[in-house]
């Protein structure tokens, strides 16, 4: 399968847009899939000093093949460091060494609080989801959090979470606890980019993809989504970005489906 | 220098007597010097399953030469495991895996509380000693503690410590905290052996070396030392014990001065 | 130094012996291994021996947990992630949790670091362990074991979790000596902490090696012998997960598990064929066949040696 | 995967540059290394550059601390053991503590595990760290930073220590790459925790090696590059302590220190000759002479390699 450089898939668009948001960042905590693609592309473009840390404990991976999990054997062989879990979670993450953490979720609300536990009641859920994993720690301890959501609809962008798994700083502050970071600052979706700068602020629509109207984004969002005065249209992936993504980052098109 | 097998030095006597007390013990936390000699000899005689753990993090050492410090390079090369300090102190020692810890001190009282910090007032000491090191942790977390004191006199065996560095369980219990172990259960000295079984009990004289009277031990002790009804005379080192000590454990006579 | 030190204790036994001796009905059993070195073969032997009423403690409850659930071994699960890696769902777990079929499952949920801190507290014999997450989460409202403590310094409140001290921890590793000095490379996860926290520990290894191999590199020993009760040699015992340097992950099996586990009958048939009808893990390995294993083979990437030095 | 990844950052500098950039008057400086890999050369460079008013944090305050005290660099010491190993006394330290000569020394005392827990709290950004010792000791009466917390579970009281977050931590290691991925073997002590707890970190190594050397064995990396600010190559920089596999401990110097330090004039003469009159550590090494170093030489005891595997 080849694509001409003026055409791109939704995955390519999300990976490119997320990569640009990593400009000048130093350390990123990335999961597998789009976050790995975005971080790897950013390393080759806007963030040459970027160090990617995986939840499994791998720092400075030099994989021979695109990893299929955050713990893929190819991430370990030839890596600069492999840290035990208490060191990774305790010293690196809780220690405050991560600039940007990537998270996904089943549901997100206007303050960037996330649900990855259940649809319905926790005690008798309609759908039991995988649960917190390390997401709660990524949220509490990264300087800021980027969320990538392929699907932008009212089932995912909700007025009220069924369950708050990973709370942003607003909810923590309401309990009198001050977290390290700003919580979710960027949400990249199939429709555009939502952003907020930190506690007290709601997510606003700051950019739409070419051909997407603000009205369509607002309709697809479960709360009354504010639109930035200086709303922009996302610059489409450049030929250079697409070439790097296709030829260097994911030549086997493992995630660029 | 050679010694006939019916003659032995004070160090040899202390090492042999201490080694016998390790019968059937599994894990011992040993410092350098007499404790190393005692533990090594016990391993060859009364405690074949003994595992010696050093404060530096070495487990299962197989040294090519007698170590000069607890961190000697010869303890590391060929060892079964070398543990980072938080693992050694946190998981092994505080985790409760040590049967017997060896300690020394400048002063000991009737309950086996130890001072290794100062002679005089802590704020303006007459003599500043090295301080706690890991002794406080050895005392709090070993099932029992053996003390080896070359010198048995009223300056070391005191009615009241100048400063309590490493408290036995009686002092901890007075604060409402229950430690894991029994505290000091054996004190081996140049005059004999003092013993107690645990909290609430004072050290009693249970054995004297050949030629030493209970009266002499009581005179050399700064409190009114009780003498066991079944006081025994210590069995002198056997020819086999001395041969192992001299030929296998410390052939270079590093500590057997 | 001693010329004839007593031989170290030999703790080797078969998997059957180790599970029979160390896993009892009603026990709290920790099975750790984060994606890497998952003790699957031990899980299968627990199923074969028909243990009941177990509390399973495992950060990433994945395929082996779904299998233990389906085999009826488990009454309670303590975990921070209940999913089939990123490859899909655990059918049996979802039935137990979503509709109590065929019976309810008691479920105690933490975050990953919450679980790690429970092991840290357990290993360090601490009454609690503090951490910086949980504030604002709904998790403490459904798990009353998650509490707070006020710092005696600046007075700030911080969440804490209680220790976990499993009756037995079972981990898989690349190699150990007969006494239990265990060496792991690649992802080492939380295995050491889980072993130190436990009352008993079983180490399953790809190979039991000569003492000299272990002793050539003592820093590689992440679990020292004195906390190990049984050493089991069980090559390929981590399948479908991987053992760095020994065999790769069976990603196809992970992807297939969602479909297998979605249908209770198909899942029971799978257990009957692959667990109950195999006498032991060697039979399971043989049944998969040499061609299958060739597909998971890995090449060589050797570490460069370091010099520990020798006194001259 | 990327064929032309950007080169990793090069953080190498000379010891002079590293101390000038990262150690300032009044700083809290952690120097760790438990008997093994003591960062002596860094201490000497701090003396050469005449830093003042430092708070030194070091578990085992030994010869290098006595030298820093005698050079007038230190106003406060945080430690758990103040002695010349098992070889004797620290003369300058005893004068400062026992008779405030030539000036008083502020001294904050902990046990070894208390210090370790302070680093653990610092590295984990915790407000306190609980531990099982201190109950019944007189130490909390002379150190009010040692406090208690009541567990929210069984209600038991446990002692806690506060975090330490040094302005800079300096450690010595066997090798690192230019970006700061640092590998240590033999005793690894509390160095990683001290680095993670610090605002800045300087790693001094016996040798800077090619990236491929480090990357052949990622489990050996105890300090990852992203927490390292400066990498200094300084062979034999741990003398009189040792570097496993590189050179042995200079036990004779340890034994001689009690006599040197007992006499203030002799101690100052030692500093003048060995620190102030040597331009850098290379000059100090040269002054000791090749015959001297031959006496500390060690032989070879190589670790056996492990296979990290390669996808075929």
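Per-chain residue numbering starts at 1, and chain names A, B, C and D are given in the order in which the chains are listed.
The definition used in the following text is that a contact is a pair of C-beta atoms (placed from the backbone, for glycine too) under 8 Å apart; a residue touches a chain by one contact, two chains touch by 3 or more.
Chain-to-protein mapping (UniProt): A, B = 3-oxoadipate--succinyl-CoA transferase subunit B; C, D = 3-oxoadipate--succinyl-CoA transferase subunit A.
Computed from a predicted model, the values in this text were never measured in an experiment.
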Report summary line: Any chain touching subunit B and subunit D at once appears in the list C
Query raised in the report: Among the chains, which has its CA centre at the largest distance from subunit B's?
Result: A
Report task. Calculate how many whole Å lie between the centre of subunit A and the centre of subunit D, each centre taken as the average of the chain's C-alpha atoms. Result -> 39
Query - Distance from subunit B to subunit A - Cα centre to Cα centre, in angstrom - result: 57
Report summary line: Per the C-alpha means, the centres of subunit C and subunit D lie apart by a whole-Å value of 36
Query - Sequence positions of subunit B contacting 2 or more other chains - result: 58, 73, 76-78, 82, 90, 94, 141, 180
Query - Multi-chain contact sites of subunit D, meaning residues that touch two or more partners - result: 124-126, 131-132, 156, 158, 186, 188, 192-193, 216, 219, 244, 248, 298, 301, 308-311
Query raised in the report: Quick one: which chain pairs are touching?
Result: A-C, A-D, B-C, B-D, C-D
Query raised in the report: Hey, which residues of subunit A end up touching subunit C in the complex?
Result: 32-33, 55-58, 68-73, 76-78, 82, 84-86, 89-90, 93-94, 113, 117, 122-137, 139-141, 163-180
Query - Interfacial residue positions of subunit D with respect to subunit A in the complex - result: 1-6, 8-9, 123-126, 177, 179, 181, 192-193, 196-197, 211, 214-216, 218-219, 221, 224-227, 308-311
Query raised in the report: In their complex, what parts of subunit C are in touch with subunit A?
Result: 34-36, 60, 79-83, 85-86, 93-94, 97-98, 109-114, 116, 120, 131-139, 142, 156-159, 185-190, 192-193, 222, 242, 244, 248-249, 251, 298, 301
Query raised in the report: Given the complex with subunit D, which residues does subunit A contribute to the contact?
Result: 26-27, 40, 43-44, 48-49, 51, 53, 58-60, 62-66, 73-74, 76-83, 87, 90-92, 94-97, 141, 180, 244, 248-249, 251
Query raised in the report: Along subunit C, where are the residues that touch subunit D in the complex?
Result: 124-132, 147-154, 156, 158, 160, 162, 174, 183, 185-186, 188, 213, 216-217, 219-220, 244-246, 248, 297-312
